[in-house]
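First chain written, first letter: the chains are A, B and C, and each begins at residue 1.
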Amino acid sequence: MNTNKYPEIKPGSKFIKKVYCFIMLLIVGRAIEAAAKTDKVVKKEVEGLPNDLCFYLGVMPSGPYMVVGKTKEGGMKYLGWNLVGKKINLRMNIRNIEAAIQVFTFQESTATAFAHDRFVVEGDLPTATAIVRILDIVEVYLLPKIITKLAVQRYPKWSEMSPFRKWTGRFIIYGRALGYGLVKDIITNIL
Amino acid sequence: MHIPDYYEFFNHLKIMSGKRVLESIPSELASYDAYKPLVIADKSITESGLVKKFITAFADTGMTLGGIYDEVRDYAGISLALNAEVIFRERGCDSIIALGSGPVVDVAKALNVLVSENSGTLQPYMDGAPIGKHLKPLIYVYACCSMGLEATGYLSIDNRVMKSDFLFPDVIMIDPRLAPGCCPPCAAESAVIALDHALGAGAGPEPSPMLDAYIHAALRFLAENMKKGVKKPGDKAASMALANASAMAAVAFYNSKPGMVHLLAVELARITGTSAGRFMRVLLPYRMAYMLSKKMKIRDELYLALAGFDAYSSTPEGERTRKGIEAVLDLLNTTKKALPQTMKELNVPRHQLKNAAEAASAASGKFFTAADCLSLLEHAWEGKAY
Amino acid sequence: MLLPSFYDFCCRVKTISGNKALEKIPVLLAGMNAKKPMIVTDKGVVAVGLIDVIKKAIGTKLKIGAIFDGAPIDSDYKVVNAAAKIYRQKGCDSIIAIGGGSAMDTAKGINILVSLGGDNLLDYEGAGAVKKKLNPLIAIPTTSGTGSEMTLVAVIADPERKVKMTFVSYFVLPDIALLDPRMTKTLPPALTTSTAMDAMTHAIEAYFCKEKNPVSDSHSLYAIKMISDNLLNVVKNPGDLKGRLALANASAMAGIAFSNSMVGLVHNMGHSTGAVCHVPHGVCMSIFLPYGLEYNLHRCADVIGEILFPLAGPEVYAATRKKDRAEKVIELIRKMNQDLYDATGGRHPRCLKEIMNRDGKQAVPQSILPAIAKATMMDGARLYNPEEILEYDSLMVLEHAYEGIPLDRSKIKKGGKKVAY
C-alpha cells in the first residue's frame, strides 16, 4: 500500500497566544515582587514560604514561563523567563496553552482551573497553595473589580481590604512593576 | 439497597469531558511516555474539516502525528487494521488515537492488538487466547455518535466479537467541538443504544451498587436530554450530555450480562445488515410491555434514575414500575421522526426470526430461552400488544 | 444531573466484593501472572488475627513469599526501602496490602520501588515520575473509611526533611480492591463510626465541592445511602456481616468519588487538625462535616439539598420543602453524630473539646486553635471549597467546632451567590 497518502503531520505554533501569556506572566511576576514590598498580607504570606524557594509558573510543554524566587531579605524577586541555570524547586505548569489563555483572560478562576485539573504542580503542595493565595491578592491590585471577581473565589470585603488600601496599593504596585525595574529586568534577561 | 453476595466491577476508562478537552491529548499521551500517535479516523471527519481542529490541539507540543489513516467508513475489517499497522511501524508510532465512532474504534483496538502483540493476525485471540498486559496507549475521541461498545473492552471486527479488560481505551475524550451529532437519526440511534444498554444492565441478575452508579448517571442524562438532543443534534449541551450517557452506559453494559433486546438486535443486524440501534428502538417497547404483562417489577434504583429525586419521592411504591415503563416509552417516542417504528420498515424476513431468537438465546448462555426471545420478536413483527 | 463545563474521572481499580471474596485471591493473582505475593500490613492487623483469616482463605493454593508487618502509622520512606529489599530477597512478584490508609500507602510505595528498580524511593519523587505499569497489587481494606484502596496517591513521609511526599500517578492505583466483610468484622465500634463518617464526609464533600462531576456524584449518592442505612445497625451489632459489606462498599465508592472530585473545608480543617494535634483523621471529619455544609450553604444550597434524598430517604425528602432541604441535611448530620455518640457510650466525639488522647487529656486544647487555623492556609483542599477560606475564617469555624455549637451564619463572609461548577 502507499503510505505516502497518510503523511506525517508536524503541528504548528500558536504564536500570538504565547506572546499574550508571556506578557501577562511578565507583568504578574513583576507585580508579585512589588506586592511583596507593598502589601502586608502578601508580606506575611511570603514570610511563611521556604527561604530557598524559587518557583516558576509556566505553560506546558514549551513555555512561556515566569520565574520568581524568595530573596535573602525576605521579599520576592522576579527572575525572568529563562529556566536555565536556576535552582527551581517548585514547578507550576498549566497543562496547555489553551488552558493558560482561559486563566489569563479570566474566563476561569485560578481555583476553578485547579479544580479542572489544568495545573500540574511538581514540588511542595502547601507552598503552591500559598502562592495561589498571593496570586489572588496580586490580581485584586492589578485588575478592576469586575474582572477580578471572575478570577478569585471571594472578592475582599471592606473589612478585609479598604478601598483606600486597595487604591494606594494599586498605584504603588503598578509603579513598581512597570517602572525602571521592568526595563532593567528585560535587558538583563535578554543579555 | 441490596448488595450482591459476590460481584466484580471494572472500568479502565479515564473519562474527560468538557471545554478544550482535545488540547489535553498531548499531556495525556506524555503521561504514558508516548509522543507519536497514529490517528485512525472516520472518512467523514476528514471530509468535514473537523480534523483541523484536532491537529491544532497539538500545536507547540513538539509531538508529531504519525499520520491520519482515514479509510474507515461503516465497516470494521481486519484489512484496515493491517494497513494501519504498516503505517504505524513505518513511522515508529507509539500510541493510537481513534477519532470517530464504532468501526473506527474497533479498527484502532484491532491495530493495538496487532502492534502490541506482534502476532500478525487476530485469529488466536478470537479463538480465546488471552491478550497480554501491555497494549499501547489508546485514546478514543468521541465524534458525532456512539455505537455503544467503543468505551468497553469489546472488540468486534469482521462480525466476530472478543472481550478483554485490556481492550478498553485508556482515555475517552468528549469535546463540544466534536460531540454534536450530524443528523437526527444518528443522534437518536446512539441515544437508544445507550438507553437499552443502561436498562439492560440494570435489569440483569444482581446488579452491584457500582453498576447502579453508572446506570444512574447514564439514565439521568438520557431522561433530561434525549428529547432535545434528538431533535437538535447540533445542540452542544444536549449532545455533550448524551455523549456522556453513552460512555457510562457502555461501562455498565461491559460489567453486566447483555440484555435480551441487545442480543436480538445484534442478531437481526447481522442478518439484515441494518444497524443494531434501529432494532433496539423497535424491540424495546415490546420488552417493556412484556415486563408489564408479567407483572415484573422495575427496580427502585432504575426508576429513581429515570425519574429523578423529586418525581421518585412523590410516586407511591406500587406505581413505580408502571411509571418507569411509561418514562422509557416517552423517551423512545422522542425518536419517532428519526428512526423506523416497526419491524416491517426494517425488512426482516419472517422466517429469519426463529434463527435470530435461537442465536440470541445461545449467546446469552441459555439465560433467555429461545421461546421467550421468539415471542418478543413475533409480537414486534406483528405489532401486537402483550 | 449536572454536567460541569469540564471534568475528568478515572478509577482503574477492579473491585471484587463479597462474603467469600478472599477465597478469590489465588485466582486473581494467577490472572495477573503472579505466583508469590508479599503481604504488607501493620502490627495491629496481625494482632487481631486477620492474617490468619486470609491464610485460611487462600489455603494451599498459593505460596506467600513474605509477610511484612512493619507499616508505621505515618508511612515512612525508609520503611518502604527496607521492605522493598525483603521483597527482592524473597523473590516476590506481587503485593497484597492489608490494613488502613498507611499500610496502603506503604504498599504503594514499595510497589513503585520494586517495579521501577533502584533502592531509594526518593528517586521517584515529583509528579510524572511513574510512567510505567507497576507489579500486581491487591488492596484489602480493614477499615471502612479511608478509601485509599481507590486512590492514585501514595503519601509517604520523609521525617528528616519533615515533608510528606506525594506520589501521584494512575499507575500507583492498586490493580484490585478486595472488599470482604470478614476483614472489618473485628473493628471496634468507635473506630467503625469514625471511619464510616470519614467515608460519609468523602461522599458528601465530593458531591458539593468544586470539582463535582456526574460519575462521582452517583457514586456519592449510593455511598451516602449505604452508610446512612447501615452505620447505626453495625455499631449496635458489630457481627452484622451484611451491614459490614455495605459499609465496605460505601467506603470504596466514597473513595472513588472524592479522589475524582476532591474535597473542601472539612478536609482542609481535618488535615490541619490532624497534623497539628495528631488526632485520628476520621474523628475530625465527623466533627467538621456539619460546619463544612453550613459554611458553604449560601453558595450551593440546592446541591446540598439533594443530599437529603440518599441521607434520609424519599419520604423525608418529599415532606421537606425545597428551600429547607439543605438545613435538614445539616440537622440530620448533627443528629447522626449524636446518635453515634450515644451508641458508642460517648466514644464518638461531637466536638473538638471532646477528643481525648490516650492519657485521657484533651487532644485539642483551645489555645492551639490559631495554630490550626494557620495550617489550613497551607492545605491544598482549600482550593476546592466553593467559598474562599482564609485564616480568620478557619479560626471562626474552629471556635464553633470546639464548643460544638452551630455556626453563627452572620460571621460567614459571602463571596458570591452561586458557585460555578
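In this text, contacts are C-beta pairs under 8 Å (C-beta built on N, C-alpha and C of every residue); 3 or more make two chains touch, one makes a residue touch a chain.
All values reported here derive from a predicted model rather than from experimental measurement.
K.L.:
Using only Cα atoms to place each chain's centre, name the chain farthest from chain B.
P.N.:
Chain A.
K.L.:
Just by CA atoms, which chain is the most central one?
P.N.:
Going by the distance between chain centres and the overall C-alpha centre, it is C.
K.L.:
Quick one: report the Å distance separating chain A from chain C, using the average Cα coordinate of each chain.
P.N.:
Measuring from centre to centre gives 33 Å for this pair.
K.L.:
Using mean CA coordinates as chain centres, what's the gap between chain A and chain B in Å?
P.N.:
Using C-alpha averages as centres, the distance is 43 Å.
K.L.:
Can you tell me which residues of chain C touch two or more of the remaining chains?
P.N.:
5-8, 128 - these are the residues of chain C that touch more than one other chain.
K.L.:
Multi-chain contacts in chain A: which residues touch at least two other chains?
P.N.:
116, 120
K.L.:
If you look at chain B, which of its residues touch at least two other chains?
P.N.:
18-20, 30 - these are the residues of chain B that touch more than one other chain.
K.L.:
Quick check: in the complex, which residue numbers of chain C touch chain A?
P.N.:
Interface residues on the chain C side: 5-8, 126-128, 163, 166, 209-211, 262, 377-380, 382-385, 387-388, 390, 413-416, 420.
K.L.:
Which residues, counting only chain A, touch chain C once they are in their complex?
P.N.:
For this pair, the touching residues of chain A are 45, 48, 110-112, 114-117, 120-130, 132-133, 149, 152-155, 157, 159-160.
K.L.:
Per the contact definition, I'd like the list of chain C residues that touch chain B in the complex.
P.N.:
Within the complex, chain C contacts chain B at residues 1, 3-12, 14-21, 32-33, 128, 131-133, 169-170, 214-215, 217-219, 221-222, 225-226, 229, 242, 245-246, 249, 253, 306, 309, 314-315, 317-318.
K.L.:
Across the complex, what residues on chain B touch chain C?
P.N.:
By the definition above, chain B touches chain C via 1, 3-21, 30-33, 133-134, 165, 208-210, 212-214, 216-217, 220-221, 224, 237, 240-241, 244, 248, 309-310, 312-314.
K.L.:
Provide the residue numbers of chain A that touch chain B in the complex, in ascending order.
P.N.:
Chain A reaches chain B through residues 1, 3, 6-14, 18, 60-62, 95-99, 102, 116, 120.
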